[in-house]
Each structure stands twice: as C-alpha cells, then as structure tokens.
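Two complexes follow with subunit A in common, the first pairing it with subunit B and the second with subunit C.
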Partner chain A sequence: MSKNIINSLSLAALALPGLMQDAHAGRAEETYNADILYGHYAESNQRMSVDIVNVSASAPIGKAFTLAVDFVSDTMSGASPMFNMKDQNGQVKQILSGASITEQRYAGVASLSYALEDVTLNFGGGVSSENDYQSGHFNTGLSWDLNKKLTTLNISASVAFDEVSPTGYNYTKSKTSQQYLLGVTQILDKHSLVQSNMTFSYQNGFLSDPYKLVFVEGGGVQSDARPGKKFQWGWLTRYARHFQDLNDAALHADYRFYIDDWGIQAHMVELQWQQPIVDEWIIMPRFRYYTQNQADFYQSVFNTQNVGSVHSSDYRLAGFGTLGGGVKIMKSFQLNGFVKDIKLQAAFDYFDRKASYQIGGNNQGSFDNFSFYMVTASVNVKF
Partner chain B sequence: MKIFFRLVGLTYMLVILSACTPVKPWQRGNLALPQMALEVDAQEAALRQHTFFSKEAASGGYGGGGGGCGCN
Partner chain C sequence: MQKKWQVVNFAFQAMGSPCHIQFYASSQRQIDLAKQQVNRCLARLEQRYSRYLSDSLISRINRSAGLGKAIPIDLETAALLAYADQCYQDSEGLFDVTSGVLRQLWSLEKTTLPSAAELDRVLPLIGWEKVQWTEHSITLPLVGMQLDFGGIVKEYAADSVAQLLRNLEIHSGVVELGGDVKIIGAQPDGQGWPVSIRDPRQPDQVIVSLNLKSGALASSGDYERFQLIDGVRYSHILNPKTGKPVSGLRAVSIVSEHCVVAGSLATLAMLKGEQGLAWLQENQLDFFCCQNDGEIYRTL
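Up next, the complex of A and B:
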C-alpha cells in the first residue's frame, strides 16, 4: 500500500509541470490534450485592436514521443503611431496612421519531443504569415534532470528568418534572428522552486520599421532607420512558493533584467497569487511592472543637426514604464470517462503605459502614453 | 541596479542553500500541484509574451523562441 503511494507520488514528481521549460519541452505526455483560446486585445483612443484564436493539440506517440501542434489566427484593425511632430506651440504630438483595414496573421507551430530517462529532447518549427510579413523558425532544446531530479538544466537554440514587403513600397527586406537559452530549475525545498534562464539573441538584416517615420524640424520627414544588427541579453528568474496553510495557495514571482547594444536596459517584475477556493476553483490576481530607458538613437523629434543616419521615433524604443495587472479564474472538472479532465479559464488584464512610469524619471511628456486591456477565455481538455 | 545585484545574490544564495535540503521524490507532491507550475497556461502565456514582445523593447527568458511578426 505504502509502496503504491510512494510510486504514485514519484510519478507525480516525474511529471512535475513546474519543471517543464514550456509546453513544448518536457517529459512525454500521458494524455491527449486539446486546447482552444479566444483573446481580445484593445488599445485606448481607437488604436490597434486584435482578436486572437489559438488552437493547440498534443498527443503521446509510443512511450517516449510527444507531438504538439499549435495554430494562431490574429485579426488586427485600427490605427498605429507613425511619427511625432511639434505643433505651433512647440508641443510634441503623436501622428497616427489612418484606421487600417482589417489585417490577418496566421501562425502554425509543430514540435516533437523525445523523453529518455533523464533527458528530454525537443525539435520544432513554425511559420507566421501576414500579407506584408513572413516569418519561419526552427528550434531545438534539451532538458536534463540532475541531482536526483532536484535540478533540471535547460538548453535551447532557435533561428528565425523574417521577410517584410511593406504595403505601398516596392521592395522586400529580410532579417535573421538567433536565440540561445541556458537555464536551470532547482527544487529548493518541499514548498518552493526557482528557475533562472538566460537568453542571448542576435539579429541582423533589416531591423527598421518600414511604416514608421521620423520628423526632422526644418527638414520634413525621413524613414525610420535602425542599425543592421542587434545583440540582446535577458536574464529571467522565476520563483514559486507553496503555502499549505492557505489552502495550498501559490505565490509566483518573476524578475527579468534585459540589456541590448542599442542602449536599452529594462526591468520587469511580475507577481501572481494562485488561490484555490473550493471545488477546484482557483482565483489568480496578478501584477506586472515593466520599465525601459530609450534607445541611443531614439528621439521624439529630430533636427537637421542630430538626425544622423540612424534614427527612430518608434514609441517602443522610447523611455517608459508599464504598470498593470488583472485577475484570472480557473475551474477544473475531473472526469472518469473518455474525457479525463476539463479546465475552463478566463482572464482580464489592464495596463497603463506612461513615460512617467519609467524608473528614475522621464521628462519626455505624455504625448505617447496609452493604455490597453486583454481578455482571454479558454477550454483545455485531456483525453 | 542595486536591486538587480541583490536579486542576483539572493538567487545564487538560494541555489547554494538548496543543496543542503534534499527533497525526496515522495516529498514533492506540493510542487506537483497545478498552481505550482511555472507555466500554468501555455497558450495564455504565449499570448501575453507575444503582446509584450510587440509593445516593449525587451524580450527573452521565457524560452520557446518563436517567429516574428510585423506587429505595430
């Protein structure tokens, strides 16, 4: 009897979901999974809104393989910022594109993982297609259990090839991206674990945004022009702690430091509290703060002296902070028939992106501030 | 930056300390609870990362490096 309990707990430990690097890398699945998610993203002031449908499925093949596929459809509409200019009073104003017609993006990903005794190998690839943008990628990863499965080492590499053929222009440009991840997950004690991942990324090719412009005082407008290569380093540390006395609640705390050779440093903190209530209902309030400083070649508005050959007024390369959070509700149903488990999830999050939220202050003004919300609902079924 | 170095130090310390508290496989039931999974909902996590990736300069750390998009 006790041996059975030990065996089943050992099995549970082997299938520790927390130790998986992500859904596509981990031990062989024992069930067939089908997941569908609907999401809606909308920015303030009639800017961009996106409707997202995501369908995923995974299946065990034999005892060691898991095949996973994932399909995403994004339907985008609305205006987006093009450049900034100064009005008669010298105030910087943001100029938006006209409300675009509806655009569509489709993306598909497939991956195969192979689980050995202590090592899981993963191979995958995917494509993303828009009328003006094509992207394809391959990735491979290894996760290796060490130290009596208290420690898991994660290594992965991916390469992506992107091509942009901007609407209204007669050219196609490309870029190549490589990303390498090195990470470790460590069980600290019976109630807590930590994961620390570093990613190194290198991009080269056309890294400018063909739809963005810069305003040059006394010199009209010029195209966005960024360096032809970029090196990025991100270090994410995630901590999860279980609280037995609080009805098995769990705290999740993530911190990421980021730096790139375009002069941007960024910090991100995310906190989540997962509180089981009753009958497999879980409520999860969450909070996220992000801050970055501006790129070396960013200015809201340029003049003929400082415009140079490399310049951008893209609001994503400005100094700013984003503060927000939301709540997620989850309910599981354990069944004994053909369907083993059904999980329903719904979430709402709101974020406020402001120049003044940048850590250490920012005197750029409020011309590019905006807010956005995200709503998601999903159904996960295990067979 | 100070907070960054503190966090680095804390992480390092936690990993070292952990070597002293071995957790047997049958003591890991709490860690296998769904609410302790680092990625509780892969689809939603991917959507959130995709959203932040297209609105912020920083990215990385979460793995699953995927394809790009012409997101504005």
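Up next, the complex of A and C:
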C-alpha cells in the first residue's frame, strides 16, 4: 500500500494540461484564427498599382485536423511596359501600354492538414480567376519531425493548370506547371536554427506573354515568343538566431540561389532583425538585395539577324538588380475572454530596380529602371 | 556572452489569497511575457473555478443541478474531474468534490451545531458517484448538489504557473499561491529556495524552515479558518460521510513532486481524522503535522 497513493495521484496529475511540458507540442494549436490584410503595391511613373485584400481563416476540426481557407482579391490598374524601341538618337525607350486599364483577380485556396504524432500531412487546392486568365492547382505535402523534433523534413508537390484567353485575340492557350519541394530544418542549439529548401519546377505549354511585343529594327514589331518548356531550380538557405540578452531579439538571414534553363541565374540576400521593445511592440527592419542576369533570348531591341524564333524584351527577363528594404511594426494584445489574442501589423517596403545594380555590371542603360513600394496593414485574431 | 540574470519579485492577489512569485529572468521581455501569462493563466482558472464568481463555469454547473441539463466542459475541466475522480477512488470516497454543500451547515457565521434533520437533508446531496460526467459534459443530478474544487485548484494553479514559466525558459524560481508552493527550479548557484511552514498554534511564527530545490509543498488545516461553538474548536474540513467537521489533526503540510498531489494528500490526511497521523506514516509521506492536542509530528 505504501507509496501507492502518491504514485496513483501523481500519474493522474500528469494528465492535467497545466502540468504538461509545452502544451503546444505536437499539434496545431486548438485555436481559431482569422486574418485580414490590406496591401497597396505601386510602381513609379504611373505604372502598375495593385490593391490587395486578403482574408484567411483556420479552424481545428476534431483533435487532428485543421482546415484553412484563404481568399484574395487583387485590383490592378495602370500601364505596363509593352516593348522597347530606339528613338532618333539611337537611345532605347520603353513603350507603355496606353490606356490605364483596371483588372480584377480573385483567388481562393483551401487546405486540410492532419497531424499525427511526428508527421503532419497537408492537402490543398485553389483557383484563381481573371477575365483573361484562369488557373487551378492541387498540392500535397508532408512534414516529418525526427531526432526528438530537432530535425524537420518537408516534402511537397503541386501541379497547376493555367489557361489564357488574351483580350483582343481570338485564341486560348494553356500551360501546366509542376513543383516539388524538399526541405530540411535543423535546430542547432537553443538559440539557432538553419533551414534549407530546394524547389524544382517544370512548366510546359504557352509560356509567352500575350501582351508583350518585341521591336525588330527594320522589321516592325513581333509577338513575344518564349520556349515551350522551362525547368527551374531554387535553393533557399535560412539561418535564424535568437538573442535572449537583447530583449529576445532575433535575426533572420536568407540566401536564395536560382537557375533556370532559359539562362537566368539569380541571387537574393535578405536580412531581417526582429526587435521586441516594450508592451508587445515589435519592430522589424529588413533589407533585401536581388540580382539576375538576362535570359538567353532577351534583348531590349532586336534586329532582323538576331530576332530568331524565340525572343522577348520583357523587363522581367532582363539583367538587373533590386535593392531595398523596409520596416514592419507589430503589436499584440493578449486577452482573457472569447478572443485570446489580437495582433496588428503594418509594414512599408521600398525597392529600387536598376540595370546597373546587376552583380558584375550591366551596360543596358537605364530605360527600364523603376522603383516600387508596398504598404500593408493586417489584423490577426485568435479565438 | 555573459548572461545578465535579474531576480524578479512579483507579488499580487489572486484566488482570494496573497501570491508571490520569484524567478530569475534574462530580459525585460521575458519578464513582461511572464507576468502577462501568469495573470492570464490565473484569471482563466478563477473565471472557470471560483465559487465566488456567479458566472464562473463551476457556478453555472452548480446552478444547473437537478435541472437534468448537461453543461459542456473544456478539456482542462475534464482533466480536473478525472483527477478528482482518482482522489475519490484512492480515498474510498473520503475526498469528495461534492462535499462543499456541507458548508452551509457549518459556515463561520453559525453559532449552533446543525440539527440531525438538517444533516439528513444535506447528506443525500453528497456523492461523487452520483455525478454523471464525460470528457465533454457534466450533469449534477440532484437539486442542491454542488461541485467544489477546493484542495485542488489553487494547488493546480501553482503547478500550472511553474510550468508556463518553464515554457518561457525560466528555470530558476518559486511560485507561492496563498501558502501553496511549487519550485520552478533551484537558484542559479544551485541553492534551494527557502520555504517555511507556519506554526498552527501561533500562525505568526515559523515552525519549519525548508530549503527546496524542486517539488512542491501544500498545506491543509485550521490555521485561521475554524469555528468555536460552545467553546469547542470545529475544523472547516468536513467529512462527506458523517457531514461533520473532522477532528484529529489541526494542520498538515506535505512535500511532493506536484503541488496538486501534495494538496490533495494534505486534505486527505485531515479527512482521516484520528487515523491521519498513522496514515501519513504508513504511506511514508514527507510531512509535517500538528495534532489537535498541539503535538507536532514531522518527517520534514
């Protein structure tokens, strides 16, 4: 009989939630989440601007399932570059689409995740619709905690089907895309972790931009024409470190390498510092540098000798660099009632895109330089 | 980098008692988060289990008694009921969370002993085995039945607060909620925390000073809460089987790993009455106790 009652009660006490080590472990939190985000993106020189409204929510279902839904509405307006040509002095000039058009895009995504002891499975799908563009995708993923949760493996696959019916043309073209991700997150010690994600994607079908043209000296304009296949490989490495002595600050450092079989290689470095101040106010300054070289079939303007059967003057396939950064401010309120937690966030980022920022230099000139900014504000509620 | 530890003293009033938490923290944010989460945790427990709040879960359950209505409960409440059930089983019905209804017969304002008729009216309302409960709901079948987590919730709160501070990477500290103590972890130099037990005969005097590096201490007894009727001292701990105050022990303190376990063992020792001391010894508990005759026995 001796010790029996202590053992018996101690065992019963261990089932009390307050005595469990880290009540959040092993399972998505049992909270309902709702998010509303508004964003405004604008490019310089009255080029494109986009107003973004994003509403998302997630809810636990039973003990192991979590359902998440996400809805986006984008309103795009403004002019966009169509092609480049040379003026009387031989200088390259960018020609923008004339009328300022307003376009609307709606997208919806739903996903269901299932959490087991060490493995979380995720299935999802979504659609996106514009008057000239329809897209649908499915994805599935697996996240596996190993090595006493010090290591997490992520594997995912997705497939997308897109259809474009350009305004003013009488055709519909399609493309399919597949993407695979293989990632690993390793906790190094109590204060740091490293994450490495590799993505492979393959697209085939109509990959040209129906609204873009190329200018051929002595030959007028032709439609943008790109290869019918594209293979892409990206590799993101992230290092995160927590500084307890600096009032729980954290550093995130990302490096991303990208290469595709169109001849583009890109590098991206991003640094973010997360500094808690007082009363759950957090300020996050961030900095980003991006550089890429031009695609094999890119030229700002072509001539009859070099225009070939694949050609593009799309500024996104040019060689350039982007430099910028911003700041994000977060404030949380923890409450006791029906609503458990409210988080407000606001961010501003500004980027400057210049041909001359390309690593190793670029002599293409400044005709397609521009800058852009993005402002966002969001409210997250947990209940 | 050298850690700049600072000791934090956090004193406040909660669950009707003075509370004091002491811990070592390494940043202001950690301190802010700790205070915020402690307040939140205790407010939640009070909101659910306080008998004095008319809209608490426990008050709603008690009001629904006899109405045949199942009141939905959350996982934490279900776990506390399961713990209370274990206490009831292990004590052969002596530790019964439905015995609080007896308090109306023995409240501090009363100056006379309850009559046999009064006892006969109230005793049938006691009995954990009558309560219908599942993981999701509870039904008190008889009008007047009451649930009371005294002897469990304050102690559970001390354990919960210690665990949530550990989750915030606070590993050195001590939590004291109205005399119930739970150690978060030893002091940074490896020393234990001083913990004292008051003398039940002279409550302003310390009778035992302990130094605890881990574990918990909880007490039960008549330090201040007892009543004198015709010159006889009656305990506030009431036996669910007889409906009468226990006698035998005046106060018991127990050291165990978990505060909630120490608290229920201390209450149970009181309920054992004249057999209390023998029961403490037989179960090889780490205890301090004072008998009604003022005699002190201790293994601490």
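What we mean here is this: the second predicted complex is superposed on the first by the 354 of 383 C-alpha atoms of A that agree within 3 Å, B and C clash if a C-alpha of one lies under 4 Å from a C-alpha of the other, contacts with A are read in each partner's own complex, and residues count from 1 in each chain.
We adopt the following convention: contacts are C-beta pairs under 8 Å (C-beta built on N, C-alpha and C of every residue); 3 or more make two chains touch, one makes a residue touch a chain.
Remember, it's a predicted structure, so these values are computed and weren't measured experimentally.
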item: Dominant toucher of subunit A (residue count), subunit B or subunit C; value: B
item: Touching partner for A:Val278 - first (subunit B), second (subunit C), both, neither; value: second
item: Subunit B versus subunit C as contact partner of A:Val109, first or second or both or neither; value: first
item: Which of subunit B and subunit C A:Phe348 touches, first, second, both or neither; value: neither
item: Which of subunit B and subunit C A:Gln334 touches, first, second, both or neither; value: second
item: Partner chain(s) touched by A:Tyr289 [first = subunit B, second = subunit C, both, neither]; value: neither
item: Subunit B versus subunit C as contact partner of A:Met374, first or second or both or neither; value: first
item: Which of subunit B and subunit C A:Gln244 touches, first, second, both or neither; value: both
item: Touching partner for A:Tyr258 - first (subunit B), second (subunit C), both, neither; value: first
item: On subunit A, positions contacted by subunit B and by subunit C; value: 5-6, 9-10, 12-13, 15-23, 244, 248, 276
item: Residue ranges of subunit B touching subunit A (in the complex, touch as defined); value: 3-4, 7, 11, 14-15, 17-18, 21-23, 25-48, 51-52, 55-70, 72
item: Residues of subunit A that touch subunit C when the two form their complex; value: 1-6, 8-10, 12-13, 15-23, 244-248, 276, 278-280, 334, 336
item: Residue ranges of subunit A in contact with subunit B within the complex; value: 5-6, 9-10, 12-25, 35, 37, 39, 41, 48, 52, 54, 56, 70, 74, 80-81, 105, 107, 109, 126-128, 130, 132-133, 135-137, 139, 141, 148-150, 154, 156, 158, 160, 162, 164, 175, 177, 179, 181, 183-191, 193-199, 201, 209, 211, 232-240, 242, 244, 248-250, 252, 255-258, 260, 262, 264, 266-268, 274, 276, 282, 284, 290, 292, 295, 316-317, 322, 328, 330, 332, 345, 347, 349, 353, 372, 374, 376, 378, 380
item: Subunit A-touching residues of subunit C, taken from the complex the two chains share; value: 1, 3-4, 26-30, 32, 36-37, 40-41, 43-44, 47, 75-76, 79-80, 82-83, 86-87, 90, 156-157, 159-160, 163-164, 166-167, 169, 256-258, 260-261, 264-265, 268, 282-285
